[in-house]
Every structure is written in C-alpha cells, then in structure tokens.
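I'd like to ask you about the structure that follows.
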C-alpha cells in the first residue's frame, strides 16, 4: 500500500482535524447556500436504549446494546424525571462519528502520533472527537447506490459505483463536500448476511474528489471482500486520508427526500455533544434543504 | 398561578413537541435564510469526562461529573481505540435538552399525562427527547443581558430585561424563534454565588413572543429569588408552556461573534443523538451565520 | 393479615438487624462447634458477567445480566489487568442478601420507618446491608424438600413440607439457626415453568422455629400460588419478621455433601463485601463442616 | 531476581489456585479448630459508595470512588427498593482479592500463561478470582508490626519485622496459614505520606513460611522504597509465589480483639461473591474466634 495516497503531514504534524480542513470559507458558503426551506432530515439511526438493569425491578432485555439507561429514583415528590445513560459509542446500533484518535494504523494515529501517546486510561490526547465541537458545515451530496432497493450481498463498492450514482443524480462531488452514501443495508438488521463494503478503489475515489467527511450505511464489508484489502474504509479513509467517518448512518429518509425534491445536494451539518477527549461520539447529522 | 397561560391542549391531547409546533414552514424558511457564510458557533459547554474508574489503574479524579469514561481494553493488536461513556444528562456541566417527559408539574407531564404513565423503569413513553430527532431548525435570536460582563448575583431576570436587550440589539423576537439568552454566568464555575434566574414575568414574556425553544446560561435561580415563584423556567416555561429547554448552554462565543458581526439573528440548529425514550439528551446547538 | 406475627418493635424501634438478633452467644458457639474438618461448600450460584460493551470491540452478548464488566485499558506496559463491574444486585442470576432496607411493606421498612426516610437518591439510611458487615455466623440446617430431584412445578411449600424434610434428616431447627432450603429449582434456567414458592404457612413456620436468616433456591412463587398470599417470603419473612433473605442461593452441592456425610447441620457463615448504604449485596454464604 | 524462588510449575502447568494449594486437609482442620465462640471480626474496610450521578437529582460527591450506586426508579407502588452498583475492584478504598489473572510479570501470568491468552475483552480466562469460589478456610495468624500505633512513614517491612511480631505474639506461622499483617496505615486516609511497604526480604519470608494467602494494610510502598525492588508484593508474592493478595484489608479491629483475647490465631474464612472471569473481587474476610 506504499503507493496509496496519504494525508499525513498535509496540514502539519500536529493537525487533528484531517480532511475537514478541506472545508474552506468558500466551500462552507456553498454549503450554507443549500439551505432554502429549512427542512431538516436526520441521517441518524434511532437507537433504542436497553435497561442497564435486569431482574424483577426492570424490564428484561434481549441483548446488550449501544445505549443502556437507568431511571433515577430521586425520591418522592421530585417533579423532575431523569436517567443515567451508558453509551458504547462504536457500536453498529448508534450513528457515531469516528475521530482521528479512534484509529491507529501501523501503531500510529494521523498524522503519525504514536498510539501510546495519542490516548491513555484517561482518554484521548490527540485527535479526539471534540476537535469538531464547533460544528462541521459544508455541502452534502447523496450518492444512492441502489435507488429504491439495495446492493447485492457482499457487493464491493468501487469508484465506478460512486461515479454511476453521481451520474444518475446529475451531481459532481467537489473538494470539501460531505459524501453521504446509501447502499440500502443495515449492519444490525441485515448482519446475518454478507454485508457490502467499501473497496480501496472507492477510498481512492474519495481522495481524488476531496471528500471532507463521510457518512453512510456502507462501511467495511463483513466478511472481508475477497481479493480486497480488508477494512479499507477505516484503515485508509480514516487512518491515512484522515476523513472523519460517520459510522452507521441511516440515509433512507434522506434518499426518499432527495428523490421527491429532485435535489441531491443540501446543507450538511453535524455537531456532536461537546464532550472532550473521546475517540468518537454519537451524532445526529442533518441534511437541510 | 391559575391565571398563568398554559399550552396544555393547544396542539392536541397527545402532542409531545410543545412549542416547537410554532415553527411553521414560514418560520423555518426565515431561519434557513439566516445562513450565509456558513460559519458555525457552538452553544455548548465543553464537558470534560472524568474517568469512571479510580485507583492505581486510572487517573485520580476530583469529582463526579456529567460524563465518565472507561477506555476499553480490546486486547493486543487491535488498531481501534474505544471507550464507554456514562452520561448523567441533567447535570449542569453538560449542555442538554429538557424534553417534555423531564417534568411533571402537579404530577402531570405536558399536555396532562399522568407522570406514572409518562415514564417507567424502562424509560419515557410520552414526551421523550427523540420527538425532536429530525432536528429543530429555526431563526435564533441572542439577547445578551449583560454585554461584555455579567448580571448581578441573584439578579431576577424580567421581561423588561429581555426587552432592553432586544432594543440594544435592534431585534424583535418573533413567534417560532429560538431564544438564546446570555447573562454571563456559569452554574458550575460560579455556583458558590447566588445565581441570577428567570422570573415568572420573563416566562410570560416568552409566551407572549411565541418562543419555540429556549437556550441560555440563565436558568432557575439558586437560591430561589425572594418574592418570586421558585423554578419558574422549569415549572412554567417547560411544564406549562411546553417550551423545550436547552439547559446549561454557553453563549459566550456566540455573543462575541454577534457583536463582531453586528448580527443578533442566525440559523439555529439542534439535533441530539437519536436515542429513544429519554427525558433529555446532551446537545450541541449551533448558531449558523 | 392482622393476625400474622410481626417482629416490628421486638428489638427496639431503631433496630436494623432483625431476626439476626436471635443469634445469641450460645447460638453462635453452637454454630462454631459445627466446624470440624473445615471443608467449605459454597451456597452461591456462579454468575457469569456479560460484557458491558457491545459492538466490534467486545463480544456480543445474549442478554442483560446481573453483572457486566469492562476490561480497563490501562495503557501499554502496565503489568496489572483490571476491570470495572456493574452489578444489579437484586437479580435472579446472582446470589444476594436482601437487607431490611430492600422492602417497604405498606410503605414502611422494618421496624416501621417510612420508606421515604429509609432511603433516598444517595442510598439507604436505615436497614442497609452493611449492618451485617461483621459477618453472620450461626448453625445452618439444610432442609432438602426433594432429595435427588425437585419439587413439582408451582408447588406451594408449607410448614408440613419443612417438617417432613427435617424428619427425613433427623434434625430440629432451633432458634437462631440459618435455614437453608433446597427445592431443586433454578429461577433462571427453569423460569419458563411455574416456580414453586413459599406459602404464608411456611413463613409462619420460620417464625415459630426462630429462623435468623433464610437461604434457598425457593423464593416467592412465579406466577403467584393460587389461593395464597402473593410474595409471602418477601412481604412477611423479610418485611414483617425481619429475616434477612439470601435470594437465589444454590444449595445443590450442599445437599450432595450433606447426603454423603450424613450431616444436615454445619457452620453457616456469610459476609458480604463491606459496602455501605445498599439495599442488598451479592454474597457467597459458606457451609463449613 | 533470577535466584528468587518461584512457584511456577510447582502445582502443574495449568494450576490457577497457587499457594492456596498449601491448604491441605490437615491444615484446613487446624483452621476449623480455631473456631470456638464463633465471634466474627471483619478484615474489610467499610467502603462508602458515591452516587454515580451528579447534578440536581443526586447528591454532589467529592471524588470518584471504588463503588458508585444509582437508586433505581422502579415506578410508583413498587414496595422493593434496589440499586445498581459500579465497582472498581482494584481500588484502595475497597478490600479486594487479587487473583492470579490480575498480574502478568514479564508478560506472563502464573504459572507462565501469556498475558494475551490469560484475559481478553470478555474477561479472564486463566487465573480468575472465581477459582476460590468454594471459599478459602485455613488458620489465620495476625502479625501486628506496630501494636497500638503504626510503623514509621516509608518503613521497609522485612522478614525480621515479621519475626519480631511473631515473637511478641508467641506464634509461629506454619505452611498453609493465612498471614494477616497490620502496620497501622491506611492507603486512602494516610496516602499523602510515604507509605510503608513490603520488601523482597519479607516476600521471601512468606515463601519460607509457606503463606497460602496474604491480607494486610501493608502493601507495596508508595513511593517505592529506596534501594528495594519496587512492587515486591505484587510482583513476587502474587506474580511469582502465586500467593493471592487481599489488598486494602483493615486489621485494626482484629488487632484489638487479638490483644483483648490474648489469641493471635483464628479461623480465617474468605468467600468472594461467586462472579466468574474477573481479575479480582471485593471481599470481606472474617477472623472467627
């Protein structure tokens, strides 16, 4: 893979934002201009928390899940109701952002920080998700790889697939755009079948088009694609190209909206809870029309 | 308080969105039109998680906090780093949204659901935060009550204070707007002093102006304001007027931006992680210019 | 139930130990004398923790359980391995002690403390499990209700059943003894069938014999026994007679040992982790021969 | 340290119990014979849980601690009160047992298992604490190094110190005994001062006397002792000699009882909650007289 492009060093030796640096003032204004009616569409899956507790004093649950909650007993007469949540961020059931600190390729985190230095027991020191706490706003483009249906099981998504979807929609992905990909698969509901996944060729396409952030229902294939580099999206798009990933997005409602409006671009906004020092955070990205 | 206005029943007997219903298509388009350069400013505090664990294998911590994390030991050779987070949503350290299900005024949750029916051990059944999962977008207006400084300790914020700030900024709060209030106080850092707080008069002002959502660094006073109804914001704005509250917002950077740009309105967007069945969720509201 | 005996007030108005007060110095010495070879048999179920986390960085789990763990990532080069445990004490999968503070019968905790006063958001103020932190030691007696087999589904356990088992074993339960009952059922593994359970008659028997602490695989029936007071063991043995319950014990190995040795009495010792202010704690009671 | 004795292989290549194997039937009967009056003394610290939650619906806490709890809101009318506990086992505030799987000396867990094989994200596979779930019973001997007071700060505890204490008490530590050591220090309360600690010489003494299990308020010194091997107790007593450690014991009440009774030996019993697959567990060891 020595010939595969890398963004390590492109924005300096201490950068933590990666490809989000491609969102220049001009790019950002292009994104803002997409907001007209203000209609918002969420790109997030609905995550249903399961009770943390089991046994007679709580409902029985079927599986450990991304989010678990306990309703707090605050005592009689308190008008406020509240809960504690336990969140396993990097879980396929919850739409979440993978920051640079989530991935150490060859033992090093973008743009070359030793994994042992990038995080410790107390959390992430380099490349935490809160580097994006001010919000990411840019133009978003939806590429629907299987309008009205879904990709074949185990389909290897290539640059040609992305080109074909762009052609169908009549759009061009420009440097600094947020790329939203729909393949019609759900890692949780469909997880018993071979999942489609991104190939290294598709990741190279993202690099050539200057993708600033990726969101989609297509991630790395499971099982790995025959003859392909395994984990291409995490290893190369995140680890080498420093494109933050929005894992486990659900673009179905977006695809329906785009088709109805005949518009495949929109203002893309994402702002995770402003929590410091984590490898990732649950997010609810919005497409604004 | 029988003469205090109430929105119970205004949008039906089963409504869960409350004053967010004031955001009509026209209002939303007015909000969208505020986005020009696409510059984003976060209204969220930065919450620093504390380690869940103590003792020799984790850093020592100074206090229990809104968010606690544990870095997961995934075994040798795993390139991904991840953590579990425990989140106490209704905590002053974390900017969070209070949904209808958070508050039972007189034992009933807006618009009149018995508290025992609205939530149980497994979570919230009526008025959960995920009713806003599609995102809230509208025009936001900042009213800075103490430009460049802060309110006096224990100051009772009234409608007149809000009017004065609107006059200074040359803005008018319109029905469906998101009201953002800055008083220059921090419930956590300044918590040893008497905190300013909203009076019932200010809540009535919000009703008269048709505020759809509230965000601010001013909440209910602590200790309660002499001669005022205690807990006016939670009891009346949330409990009776059904205005979702964004508690613990930090509008300092926003105020600086507004002053620099000479603009006190903006596109306001908030989208909490799409987690079902909770009384509230951590959020990162954005002001977009 | 007004004629049912009660121990409220028997040991004063502020007592927290209940029937454990029946263990006098003489009773205790009788228990100590049972230890001869020092062979120990555990009365606890083996609880297998499930990972707190799900998703790709942790094993997938089948159900929420009594105990969940996360292995802590302490950083490279640390020779110690450690975990965090989340324990749902009152869960059928874990053998645990129910202290007085676990139960409010008619809104009051033994010996008459208002439930709102006995515990709050910060924990238990009256009747916490740590009142037994110095250890409970007395003579234990096993009554095996179904030697080599198990009771019929939904069997209502009565005083006559207990007498019959005592006769078979040639033992007499004396005041201050720990009563260990085996019915051959497992609330978790057998939970799809109607479970046998204690009747009020059996609880009255415990009172007449001066049982100081109860441990067994028979608790309250599920579904409730036809024609019987539901929840007799928790409501009357714990709530009224103040007999601490060791819920979810597993006396199978004990029964096999007793049968092999021809001894149905032993030194009974239980000492929960010394954690303050809880309604109950996981325990591992020992029978010592 | 190549000349330091090791028990690796002494009880086979797959053993998980280590020096507890020294407790033969004869040793165990010697322990049982110590129980006369049945008086029990706990060797555990009282651990006060802190609320997991912060903010307005829970008490404010001063520090993250060994145990955190949330009272569960089970809904109105439920007579049972319950909580969830989060336990950080290897924390100085809680008396806990260190099993073999807690320590990898030179990357290997007793008796030579590769650390990566001994545990994983799902828990401990070799040398978990539940190998002692049947209970450990043997004779216990208290060596009080500073009767009525405490050791000097930073005191290096040697074999000569242990001999002197045994002489004062007129006892001899025999193979298979549980060694309980009191130095009068508290790692939590006294942690601002240099703590006394075990030297390699003292660990060698334990080996020569055949100590089966260690409990004490003296652990490894903090800061490390000048001129001594750092971490001698964990690295050599636990890691090489396979003596399970009961960390953070509190033998003060025991010392007072021994002095009053003029007896320095007792029946020692410990049985942790029967939870599978952990590196350690909170325990409440008892001395029975």
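By written order: A, B, C and D. Residues from 1 in each chain.
What we mean here is this: contacts are C-beta pairs under 8 Å (C-beta built on N, C-alpha and C of every residue); 3 or more make two chains touch, one makes a residue touch a chain.
From a predicted model like this one, the values you see are computed outputs, not experimental measurements.
Engineer: Can you list every chain that touches subunit C and also touches subunit D?
Structural biologist: The shared contacts of subunit C and subunit D, listed by label, come to A, B.
Engineer: Using the stated contact rule, I'd like to know whether A-D or B-D comes out ahead in C-beta pair count.
Structural biologist: Of A-D and B-D, it is B-D that has more C-beta pairs in contact.
Engineer: Between subunit A and subunit D, what is the gap in Å from one C-alpha centre to the other?
Structural biologist: 46
Engineer: Between subunit B and subunit D, what distance separates the C-alpha centroids? Give it in angstrom.
Structural biologist: Going by mean C-alpha positions, subunit B sits 48 Å from subunit D.
Engineer: Among all residues of subunit D, which ones touch two or more of the remaining chains?
Structural biologist: Where subunit D meets two or more other chains at a single residue, that happens at 51-53, 55-58, 71-74, 80-82, 84, 86, 88, 90, 120-121.
Engineer: Determine the shape of the graph in which chains are vertices and touching pairs are edges (line, ring, star, complete, other).
Structural biologist: Graph shape here is complete: every pair of chains touches.
Engineer: Give every residue of subunit B touching subunit D within the complex, in rising order.
Structural biologist: 50-58, 60-66, 68, 72-76, 86, 88, 90-93, 116, 120-121
Engineer: Help me check something: in the complex, which residues belonging to subunit B touch subunit A?
Structural biologist: 25, 28-33, 35-42, 44-49, 51, 53, 57-59, 67, 69, 71, 79-90, 94-95, 101-105, 115, 118-124, 130, 133-138, 234-235, 239, 267, 269, 271-286, 288
Engineer: Please output the residues of subunit C touching subunit B within their complex, sorted ascending.
Structural biologist: Listed in rising order, the residues are 52-53, 56-58, 70-74, 78, 80-82, 84.
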